[in-house]
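Each of the two complexes below includes chain A, the first together with chain B, the second together with chain C.
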Partner chain A sequence: MNPAASAPVKIDVRGLTKRFGDLLVLDNISFQVARGEFLAIVGPTGCGKTTFLNCLSKLIPTSEGDIFIDGRVADPRVHNISFVFQEPTCLPWRTVRENVAYGMELKRFPAEKIRERVDTMLGLVGLSETQHLYPNQVSASMVQRITVARAFAVDPDLLLMDEPYGQLDVKLRYYLEDELVKLWQTLKATVIFVTHNIEEAVYVAERILVLSNKPTRIKAEVKVDLPRPRNLIDPAFVAIRKEVTELIRWW
Partner chain B sequence: MVEMEEGIQRLGRQDRSIANEVQKSVRERRPLTLRRVITNEYFLHVVSSAAFLYLWHEVAASGVFKGGLCTPWEVVVRFRGLLTDTLAGLTLWGHIGASAQRIAIGFVLASVVAIPLGLFMALNPYVNAVVKPVFDIFKPMPPIAWVSIAILWFGVGEESKIFIIIIGTFVPCLLNAYNGIRLIEPELYDVIKVLGGKRWNEILQVSFPASFPAIFAGLQISLSLAWTCVLAAELVASRSGLGFIIVQGMKFTDAALVIGGMVMIALVAWVSSLLIAGLEKLLCPWRRDIRDL
Partner chain C sequence: MAYEEVKVRKPLGLILLPFFSIFCFFGAWELIVRLGIVPATMLAAPSAVGNLFVEKLTNPNPDGATILVHAWVSMQEAFLGYLLALGIGLPLGLFMGWFGVVRGIARPIFELIRPIPPIAWIPLTVFWFGIGLWGKVFIIWLGGVVPCVINAFVGVRMTNPTLIQMARTYGASDWQIFKTLCVPSALPMVFGALQIALASCWTNLVAAELLAADQGLGYLITMGRRLALPDMVVLGMVSVGVMGALIGMVIDQVEKRLLAGIRR
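Take a look at the complex of A and B:
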């Protein structure tokens, strides 16, 4: 389960286990993510995906094992961990601009730095013109762009994404996946992207981890070594998609 | 951090955006036509109000209710007189002032205690566990039920009226502040937790602003209840206030005085609710709708 040999290990998950009483949900999961790598995680419905992410982000404690960032136990107070949730999590009482700045404010970035970085991020995701509107005044895709911009803006050690585009229609999803890849290529973040959309995973990721049914383990690892921008109907793309689909099917 | 800056540099000045679409604000302009005037919201408001006044006038003039109903104009004349003449030593302004003062004192006292208490109950399970059982006993009691006991305790002066208003406005203030916090999406807190924020950040950045709209909804309900309460108290025992005007009209079979009193209460209550709505707009700018961009 080692990432590309060239880049140093950024995220090291060792023996991650989570039990709720007698129920074993996550069973001794170990993997590593290289610095600047884009890792996708796919699994069948109900495979403990949310629990997995909540452990990785330290929202809930693990039963055994832990997650290490740069060799230190992950701690939201020390490390920059960003989380893009499935539901839009903009704060309705902050303008688009203030929402993007919000993560940096919590991380106590200097004011000048925040101003600069927000300008850059707003420009990158195309929100400059709407920066003084409130989230309820922009479209659903804009709202998800706000949270993605906020997540990238803190220059995260680890960026976790939980099916951020699951609730959008196909066209917007393609748009935003494409933007996400460009953002990642531009800003060089280390990303763990969880989805149950296999095509999405193959489109965005450099490597895919396939999870098993509960109790969840890592069932397989698939490298996606395709040039970008990726073509959804390229035979090599389709072959990888089929391979992952075969791995994931439980019927 | 350095890599991120370099990445942005690489994008270059020409192509600073990776976005596939950009949203720009738009404003619609349409020509003024007869159809637009007729279907205009405000035009229709005027039409329905005028129709109502006309109907009222015709019914009063027909004499169906004998002395029990007067025309709208008679009400206006009666109350124009009250602006200068006195009733029980006070002009109309004096009576409005008397009622409004009771409302203001009771309303402020109740909300200053009830809102923080509601917030505390929602944020802290121990405060909730202590306060809730007592609160639940008083919650279903109609405030009017307190009128008699209030007079027994405080007499027929100002205190008993203010007391009833406090009782009436306390419950919706507290309940709305409480629910405003309970109904917040938990993900909004998770964002702060993942970013390493403290509990204090959660309360200040999420709980308080999220509860504002609910608190203001509670204040609006409280305010209309406050007018009900003050009226009930003034009808029972009072020497001033809009409720007193109505009672006087009833005693002397002066329909203009009764109806005028009712209209004045509606007017003053409406103005006071506008004040609350204005305050909400000021404190919750994100609640503006897209039409007023």
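Take a look at the complex of A and C:
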């Protein structure tokens, strides 16, 4: 399961296994992600995607195996890992601007760099005008953009996204997906994007890993070698979408 | 600006309603006494209390001090006790909420002391501090510290776990999480504590002064009872009520300013 040979390996997951008591949730998962790659992970409902992400982000310990970033065991204190959660994680007592700065403050970036970087990010996600408002004064899509901007701002070694747009309506989702791809292309981050929406996965990713039912293994790998911006009704797009759907279906 | 805050105007009726409510309350009270439904020896009419208030502004008799002196003494005691309660109770509660070690040490002792009403401490307090200022401050402090600890503790425990996970993925330390997530999350509860503790302190103030004092609003009430002067009793009670309400309003304003993002 090696990524394109052109880019060096950034993330190396080796034999990742997670048990809760006797229950085997993740079964010996191994894969690699190249530097600057956009990887999507899809799987049937209840296949352990959240557990998988929590292991990758080191929020919970693994039972066996580990995740390596640039050859070193991943550690949130050492590596810049960002996690965009499904539910909004803006701090209600901070303004939009202060929210975007939060990750960098935790990582003790110098104040001057934080200011510059926040300005850049606010411009990229179109929040410059609303930067002094509080999260409950802006719309739901802006709230999710704040967390995406905060995640990209720390210049992450690994950016994990857990269905970040799952709670938004279709139109907004298309819009934000385009914006996400643009951010990824501009900032060249390594992204692992988890979703249950197959179309979304094909739309944003360069490569898709399909997970099996529990105990979760990697069932298949699908390359998405389509030009951007992608067209949802392009026959090649539809073909890949159908291929992934067939791989996932449990009925 | 495109994103200007929307201001909603309250209808005039709603603005006047509180004043109307207070007017009716005092009006009914005055009538009850004037019409003799309750004899004047048992309850003083608001007009009588008002007259006594004006008189007590300058006349220290028969209880030994003017109303302003009484109020000032009570204020000092209450605020000392209140500030000490905040200064000790809030940090203790906040730390208990986040740090397991502090919780392990402080919680059992706190749970034991908590059910004892502050008045039960009065005898010991007299042994320790005599009947001066600090004995009363101690009683008042006891009343105020309990809600401070509980509210700050609960406030920290209510911190959204997803926010904590988010901070963890950014590599935040325990102290950073405490400072940047737990404390701000607890603020609404902490401001609740400011109000509850104040009410508690103010209540215990009267209790403390009933026991041993020669000045203060609680003492004014005691003297009113001893001298069988219902208007003096009511004046003491009303003064306690009005001052408590005023302080509560100030705290409410401060809270609104500080919690702009959360309350809006």
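Going forward, the second predicted complex is superposed on the first by the 251 of 251 C-alpha atoms of A that agree within 3 Å, B and C clash if a C-alpha of one lies under 4 Å from a C-alpha of the other, contacts with A are read in each partner's own complex, and residues count from 1 in each chain.
Basically, a residue touches a chain if its C-beta (ideal position, glycine included) is under 8 Å from a C-beta of that chain, and two chains touch if they have at least 3 such contacts.
Everything numeric in this text was worked out from a predicted model, so none of it was measured.
A.B. asks: Would you mind checking whether chain B and chain C clash or fit side by side on chain A after the superposition?
C.D. replies: Partners clash after overlay.
A.B. asks: Examine A:130 and indicate which partner it touches, taking first as chain B and second as chain C; both and neither are also allowed.
C.D. replies: both
A.B. asks: By the touch definition at the top of the document, which applies to A:203: first (chain B), second (chain C), both, or neither?
C.D. replies: Neither: A:203 stays clear of chain B and chain C.
A.B. asks: With the two complexes superposed on chain A, say which partner A:31 touches: chain B (first), chain C (second), both, or neither.
C.D. replies: neither
A.B. asks: Pick one for A:52: touches chain B only (first), chain C only (second), both, or neither.
C.D. replies: Neither: A:52 stays clear of chain B and chain C.
A.B. asks: Going by the contact rule set out at the top, does A:142 touch chain B (first), chain C (second), both, or neither?
C.D. replies: In the superposition, A:142 contacts chain B only.
A.B. asks: May I ask you to name which of chain B and chain C touches more residues of chain A?
C.D. replies: B
A.B. asks: According to the stated criteria, A:103 is in contact with first (chain B), second (chain C), both, or neither; which is it?
C.D. replies: both
A.B. asks: Between chain B and chain C, which residues of chain A are contacted by each of them?
C.D. replies: 57-59, 75-78, 81-83, 85, 87, 89, 91-95, 102-103, 106-107, 129-130, 133-138, 154, 160
A.B. asks: Within the complex, which stretch of chain C touches chain A?
C.D. replies: Against chain A, the touching part of chain C is residues 2-3, 5, 162-163, 165-172, 176, 180-181, 184, 187, 259-262, 264.
A.B. asks: Which residues of chain A touch chain B in their complex?
C.D. replies: Spelled out, the residues of chain A in touch with chain B are 36, 57-59, 75-83, 85, 87, 89, 91-95, 102-103, 106-107, 120, 123-127, 129-130, 133-139, 141-142, 145, 154-155, 160, 175-176, 178-179, 182-183, 185-189.
A.B. asks: State the interface residues of chain B toward chain A in the complex, per the touch definition above.
C.D. replies: On the chain B side, the touching residues are 1, 3-4, 7-8, 10-11, 16-25, 185, 187-188, 190-197, 201, 205-206, 209-210, 212, 284-286, 288, 290, 293.
A.B. asks: Report the residues of chain A in contact with chain C in the complex, numbered from low to high.
C.D. replies: For chain A paired with chain C, touching residues are 57-59, 75-78, 81-83, 85, 87, 89, 91-95, 102-103, 105-107, 129-130, 133-138, 154, 160.
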